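Presented sequentially are two complexes of subunit A, the first with subunit B as partner and the second with subunit C.
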Partner chain A sequence: MASKKFNQVYIKDNFSVIGPLEGDGLLKTYDLVMDNYYYGEKTFEQAEIKMQKIVLANLLNKNKLSENKVDVLIGGDLINQTSISSYNASKFNIPYLGVYSACATYTEELILASSLIHGKLAKNIVAITSSHNLNAERQFRYPVEYGAVKKHTTTFTTTAALSTLITNEQTNIKIESATIGKAIDMGISDTNNMGAIMAPAAADTLNTHLMDLKRSINYYDLVITGDLGKIGKELFLEVLNKNYNINLKKYMDAGCEIYTNAQETYAGASGPVALPLVLFDKVLSSKKYKKILIIATGSLQSTQLANQKLGIPGIAHAVSLEVI
Partner chain B sequence: MASKKFNQVYIKDNFSVIGPLEGDGLLKTYDLVMDNYYYGEKTFEQAEIKMQKIVLANLLNKNKLSENKVDVLIGGDLINQTSISSYNASKFNIPYLGVYSACATYTEELILASSLIHGKLAKNIVAITSSHNLNAERQFRYPVEYGAVKKHTTTFTTTAALSTLITNEQTNIKIESATIGKAIDMGISDTNNMGAIMAPAAADTLNTHLMDLKRSINYYDLVITGDLGKIGKELFLEVLNKNYNINLKKYMDAGCEIYTNAQETYAGASGPVALPLVLFDKVLSSKKYKKILIIATGSLQSTQLANQKLGIPGIAHAVSLEVI
Partner chain C sequence: MNKDEYQKLVKKHEPKENKFENIIYAFFIGGLVGFIAEGLVVLLMNAFLLSRTEAGAWTCLIIIFASSLFTALGFFDNWMSKSKAGLLIPTTGFAHSVTSSALDYKKEGLITGLGSNFFKLAGSVILYGILSAFILVIVKVIIGG
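Showing the complex of A and B:
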C-alpha cells in the first residue's frame, strides 16, 4: 500500500532563511532574510550551501541539540547530484542520507524521517532542503544575465533554505500518516509548464491517500500543494473533479502564497522549499487548522532528457499533519 | 546512533543486466548481457532507462509479483536529477522514492527499504540502481569521442543495472543491521581520484559500525567495499590501520573484481551497481561466507562545485548481511 500510518512522530521546530525578493513578498513568519544573492560567498552555489549551513546550525542551537544527538540528516535540493545538501552535510558530524524528488523532496524527507522514528530506529532527525533562484535558472534554463523571455506558465524558483526537526518526543504537531506517490508521465515535454506536469501526480496521490485510508476530502481542514502555481493549481482542481469526482474547497497552493502580484513571478513560486515555508508561516502559525494534508509536487526532468523530447514524469508525496 | 538493527528483513532475489565489456570480464553470475551500448534505443540515456526497465520487469515476473504488490520502488543513479531512475519509475505503477548517494546509493536504498519493512510499513520493496559508462563519461568528464587522456587513479564506470527484492518473508539472506555514513570532506578536489575521496569515509563508517554494535573486525567473514579501486583500496586499509587500529584481512573491493587486467580500466570499476553485481556474483553465489559487511562508497561531487575547486565530500553506508 502506498499509504503508511505513523506512531509517535512529531515535528518539533524549524528554521528558515529566505532571499531578498521573498523578504519583500507575502511571507511573514521566517527567521532570517538574505540581503543579497551571494550571501557573503564567491558563487551562488556556495551561497546556497551557506544557507543550508545556517538553517541547520541555528536549528541545533535553538533546540540545544549537539550534532551527536541527531541520528540522521536527510537532505535534498535541485542542484545536480544534490550537491548543495551533500556539501553542507560534510560540515556537520551527522549521518547523512541524500534524497531526490525535485520539488517533492520535502515530503519525501518527512516520510523517511517518520518511517525511521516510527520503527524506533531514530529519535531526532533533521530534514533540510533549499533552492536558490539563480542556481536553478543557470542549471535548468539560462543564466539570468542572458535575459531569456519567459512563458506565462513558467514558475519562479524560490530562494530559501529550511530545516525541520522531527522527533519521537510529543509536540503539538503530529505526523499522522503519509502517501508515497508514483512517477506519472502524461507525455508533456515542456519544461516551462511544470504545473501541468505535476498536477496529475498530485491528484493521483490525493486520491490514493483518501482511498487507502478510507477518508473523505472533508476529513481535512486544509490541503496544501507544493508549487503547482496559478496554472497548475486550476488543472489540479479540474483533474480531481473530472477523474476522481473530488470537489476540493479547503485548498491552497504554496506556489501562490509567496510573491505579491506586483513581483512579476509569472505563474508563481516553485522549488522544494516553497511548501514548508508556507506551511510554517501561513498555516501552522495561524492556528486555524487541525488536520492538514501537505502534498509536495515535483517535476522530475533533467535538461539532457528534456532535450530528447521525452515526456517528463511528475511526482507528489503527501503527508498528513495533526495539530494537537 | 548511526547504526540500526533490523528485525524480519530479507533479500529475496535480484536481476541484472551488464554491458558488453562487463560480459567479457570477471563476472560469472548475471542475468543478461547487452550486445551494444545503445541497447536498441536512440540515445545512451534512453538505453540506461531501458536497462532499469528490463531488470525491474524481469524481477517482478520471476517472483510472480504484480506491480500493486510492491509497496515501494527505491531508485537512484548517477545521472543529473537521478533522471534514469525517475523516468523508469514512470513506466511502473509503483510508489517511488528517489535517493542520491553517488556510488553509495545501493546501500542507502537497502537501509531505507529495511527501515520501512522493519517498522511494518511495507512488505515488498524493490531497490534499483544502474550506471552506463558513456552517460557518466559525458556528464562528469568528457564524451569518450574526445579521446581525453586518463590519469592512472581514474576508475571506469560500470555499465549495468540491477534490481533487488527486499521482503519481510524469510529467505536465506537476512539484512541484519546497517550504519548510515557521514559526508566527509578531506579537502581533495581531484575528481579523477575518487578512491582517495571515498577511502576515509569508508574507514569512518566501518569503525562507527564496529563501535556502535560492539563488534570486532573478526565478527565478519568478509568486508566488501563498493568502488574504491586499486588505489583507494590501499588507502582504505592504511587509514583503517593508522587511524582506527583495525587490521582488515578478509576483504575485497568490488571495483577490483569486475574487469580483467587486460581490459585497461585504470584503477578499476566504479558506479553504484559495482557492489551489488559482485555481491550476488562472487560472494553470495560462492556460499563461502555467512557474515558479510557491504560498504558502498560514493564521491559526492558535482561538476559545478568541482570547477570551483572545493574539497569533495565522500560518503559510505554499511549493511550487514547474514546468510542463513
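Showing the complex of A and C:
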C-alpha cells in the first residue's frame, strides 16, 4: 500500500531565508531576506549553499540542538546530483541523505524522516530544501543574462531555502500519514509547461491517499499542491473531477501564493521550497486549518532527456498534517 | 483519461500567444534597429568620408559592441524578452547570445567555462549559417555558370 500512518512524529520548528523578489511578494512570515542573488558569495551556486548553511545553523541554534543531537540531515535541491545539499552537508557533522524528486522533494523528505522516527531509528531529523532562480535558469534554461521570450505556461523558480525540524517530541503539528506517489507520464514533453506534466500525478496521489485511508475529500480542511501554477491548477481540478469524480473545493496551490500579479512570473512560482514556504507562512501561522494535506509535485526531467522529446514523468507525494 | 485525451485537455488550457501583437512588436523594434543602423551609416559616410561598404562594416561593429555592452550592464535581457523577435533576429540577438553565455560561464574558468560555452547558443547559427552559405554558393555557380 502506498499510504502509511505515523505515530509520534511531529514538526517542531522551521527556519527560512527568501530571495529579494520573494521578499516583495505575498509572503509575510519568514526569517531572513537576501538583499541580492549573490548573498555575499562569488557565484549563485555558492550563494545557494550559503542559504542552506544559514537555515540549518539557525535552526539548530534556535532549538539549542548540537550537531550530534541530530540523527539525520535530509537535503534536496534542483542542481545537478543534488550538489548544493551535499556541499552544505559537508560543513556539518551530521549523517546525511541526499534526495531528489525535483519540486516534490520536500514531501519525500518528510516521508523519509517520518518513517525513520516512526520506526524509532531516529529522534531528531532536519530536512532542508532550497532553490535559487538563477541556478535553475542556468541549468535548465538559458544563461542568466539571456533574454529569452517565455511562454505563458512557464513557471518561475523560487529563490529560498527552508529547514524543518522533525522530532518524536510532541508539538502542535503532527505528521499523521503520507502517500508515496507513482511516477506518471502522460506524454507531455514541454518543459515550459511543468504544471501539465505534474497535474495527473497530483490527482493520482490524492485519489490513492483517499482510497487507501478510506477518507472523503471533506476530511481535509485544506489541500495544498506544490507548484502546479495557474494552468496546472486548472488541469489538476479538471482531472480530479473527470477521472476520479472528486470535487475539490478547499484548495490552494503554493505556486500561486508567492508572487503578486505585477511581478511578471508567468504561470506562478515553482521549486521544491515553494510548498513549505506557503505552508508555514499562510497555512500553519493562520491557525485556521486543523487537517491539512500537502501534495508536493515534481517534474522529473533532465536537460539531456528533455531534448529527446520523450514524455516527462511527473511525481507527487502527499503528507497529511494535523494541527493539535 | 488516456494520453491523447489529456494532451487535448492541456492544449485547451494553454493560453494562446497573441501572434499579431508579437509580429507588430517585432516589426517595429526590428525596424527601429535598422533605422538606427542606417542613420549610423549615413553619419559615418559624411563624418569620416567612408564608402558605403566601409561605413556598413563599422555600423555592424558598433551595433554588436552596443548590444554586448548593454548585456554586460544587465538590462538588455529585459529589452530582448519584451521586444519578442525584434532584437533577436538582427545582429543584436547574436551578440547578446554570445555575451550572455560568456558572462554566465566565466566563473567556471577561461577554458572549461567561458571558452567551451562561448558559442553555446550561437553555435547553431554559425554552423547552419556557414552551411547554407556554402550550399547557396554551389547553387549560384550551377545556375549562374
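As a working rule, the second predicted complex is superposed on the first by the 324 of 324 C-alpha atoms of A that agree within 3 Å, B and C clash if a C-alpha of one lies under 4 Å from a C-alpha of the other, contacts with A are read in each partner's own complex, and residues count from 1 in each chain.
Going forward, a contact is a pair of C-beta atoms (placed from the backbone, for glycine too) under 8 Å apart; a residue touches a chain by one contact, two chains touch by 3 or more.
As the structure is a computational prediction, the values presented were derived from the model and not from experiment.
In the superposition on chain A, A:196 makes contact with subunit C only, while subunit B stays out of contact range. Contacts of A:148 after superposition on the shared chain: subunit C is touched, whereas subunit B is not. Shared-chain residue A:43: touches subunit B and subunit C both.
Looking at the superposition, the partner that touches the larger set of subunit A residues, subunit B or subunit C, turns out to be B. When both complexes are overlaid on chain A, the residue A:2 reaches subunit B alone and has no touch with subunit C. Of the two partner chains, subunit B is the only one touched by A:94; subunit C is not. The residues of subunit A shared by its contacts with subunit B and with subunit C are 42-43, 311.
Contacts from subunit A toward subunit C in the complex involve residues 42-43, 138, 142-153, 186-188, 193, 196, 200, 231, 234-235, 238-239, 242-243, 311. Residue ranges on subunit B touching subunit A, taken from their complex, read 1-2, 4, 42-43, 45-46, 71-72, 76, 79-83, 86-87, 89-102, 108, 111-112, 115-116, 118-122, 139, 179-185, 300-305, 308, 310-311, 313, 315.
By the touch criterion stated above, subunit C contacts subunit A in their complex at residues 1, 3-4, 6-7, 9-10, 13-15, 17, 71-72, 74, 76-81, 84-85, 87-88, 96-97, 99-101, 103-105, 107, 120-121.
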